[in-house]
């Protein structure tokens, strides 16, 4: 179903919507860029929230959810950071600009990339989980400051865009499909982490019985 | 916090702080390393950026804050390396002193080291880049102090946790840098505003933002620190 | 020994119940239940990887148990909190845990202040007395960084004994000590035992442990294979140890 949804979203974005006047084909990137950016933020926020719960309650499942959300958020972040510059090249003539949303996204992506790196290479002990959780919890509100700071500094991201009805249909459809994909992926990764931990606990119990 | 708890907390902070200062005063290792590192940085910036005077003034804020970033992360790493030398950090965590006192003392030490190193690095940079910073001395010092505080408040709890998690040392600055991005932006823009190299001249607004960041980082670190290190 | 009489003679009791610690998939300690009585030295023995250091880490609150409970004098750690226990523990570990840039005296005074000690005689006098007890009186004002391993070990012992702990955890306390140092350490441990402290010591030096211990806890592969009187059944400590390790393997 999700696959069919994705196909439909692509069809909408590439065939259904009319060519936009100034941006031509590059505008079609927008239907993937914007939903991905939102879901990337949702993923990182979810990670920070679950991490806070983990720090307060020390329950493995909250940590598993945080890790899953960060992974999926990063995946959507990769889409944002590849489609963004492609669009920027067509729209602004440069690949990158130091304006609030780009910078915020880049910094946020870096923070959670570090999170993922530490969780991947630091081993899976309680102190490492706590380090990751602290990073996520301290990193998420950090973004507020980055955004405020860069906004004062400079800003020219497209805002309050007027969309044609057909474009709106395409945007909301892709958003909906991406949300479903996001939910499925987070659930999948969450379950994988839980299963891994259950397997580890089981093999511990076995070694305990057999030693 | 009740009065006796606050007194105990304050005493523990003071005891650890005094110990660190005594060790530092005796070995002078960290401050010497930082000062020398700062000098090397100053030379690199000078080689890389020196052009006509207007350009020099323009690169000064960037050079100052890049210096703060490097010196700060080196200092944070050093203060913990010394605790790990004979595993004395274990003896600290074995003691009944509150863990938050440990954080506060270490953050103060890191702040002092970074601020001290910057006090040496800033005049040196001014000298090598041929810019006259004396009319701006006070505002610049205030901005740099706020930045050093922000760096210490973010870097110190992460360093304590990294020691506990036995993470490789290289990971620490890498993790700290993205988290202090607001400090860098506000600091560089604030300095540029002060030196008159940008259209924006509202230094106070940037200082306020730095202050807000420091407060938020401090509150966040101390609220969460106990649950971070509690076993 | 000048230490006698500066602490009330109270007998303590340290108890662990189903204490378990896992590292990832590996179990370092499995459901250990034991009672350590005050006024006794318990020798903690076992081959490498038996779980001795893990048990020491758990008892010192440096590690947290995966399952199980530790209680001192009937007060469980999960209720009173780790900090309440920390003030009552003296710990000698694999590392000497002293600051090389400080003198021996400054090291002790620092830790004394950190523990909030306020002896009537003054902290410095107490520290000097402890240094005298471990035979470091002459080196009190020398930087610990220049100490030999044996001297640093003596300083580490003085640090662990500084606050007259109710529980003394000694992980290889004789490392680097010469014969005279070992004899001094033995006397100090015996003195604390006489004053009702719980002493748990692990060492590969079976001769010293034979002289010193009242009870014996043998671990192998994270499990208890013997816990009882050290000299039971006319067997020497070494014989009892080897027998229980071999028995555990079968």
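Of note:
Each chain carries a letter (A, B and C) given by its place in the written order, and its residues are counted from 1.
Going forward, a residue touches a chain if its C-beta (ideal position, glycine included) is under 8 Å from a C-beta of that chain, and two chains touch if they have at least 3 such contacts.
This one's a predicted model, so the numbers in the text were calculated from it and none came from an experiment.
Centroid analysis (C-alpha atoms only) places C farthest from chain B. Closest to the protein's overall CA centre, chain by chain, comes B.
Counting C-beta pairs in contact across A-B and across A-C shows that the higher total falls to A-B. If you average the Cα atoms of chain B and of chain C, the two centres end up 39 Å apart. Inter-chain spacing, taken between the CA centroids of chain A and chain B, is 31 Å. Chain C has its Cα centroid 50 Å from the Cα centroid of chain A.
Taken residue by residue, chain A touches two or more other chains at 125, whereas all remaining positions touch fewer.
Within chain C, the positions touching two or more other chains are listed as 64.
Of all the residues in chain C, the ones that touch chain A in their complex are 22-27, 30, 64, 221-223. Against chain A, the residues of chain B that register as touching in their complex are 154, 157-158, 161-162, 164-167, 171, 174-175, 177-179, 181-182, 185-186, 189, 200, 205-206, 209, 212-213, 216-217, 220-221, 224, 227-229. Residues of chain A that touch chain B in their complex: 55-56, 103, 107, 110-111, 114, 117-118, 122, 125, 127-128, 130-131, 133-135, 137-139, 141-142, 145-146, 148-150, 152-153. Within the complex formed with chain B, the chain C residues making contact are 60-64, 82-84, 86-87, 89, 91, 93-102, 106, 110-111, 113-116, 143, 152, 159.
Across the interface of their complex, chain C is touched by residues 8, 11-12, 15-16, 19, 22-23, 26-27, 85-88, 90-98, 230-231 of chain B.
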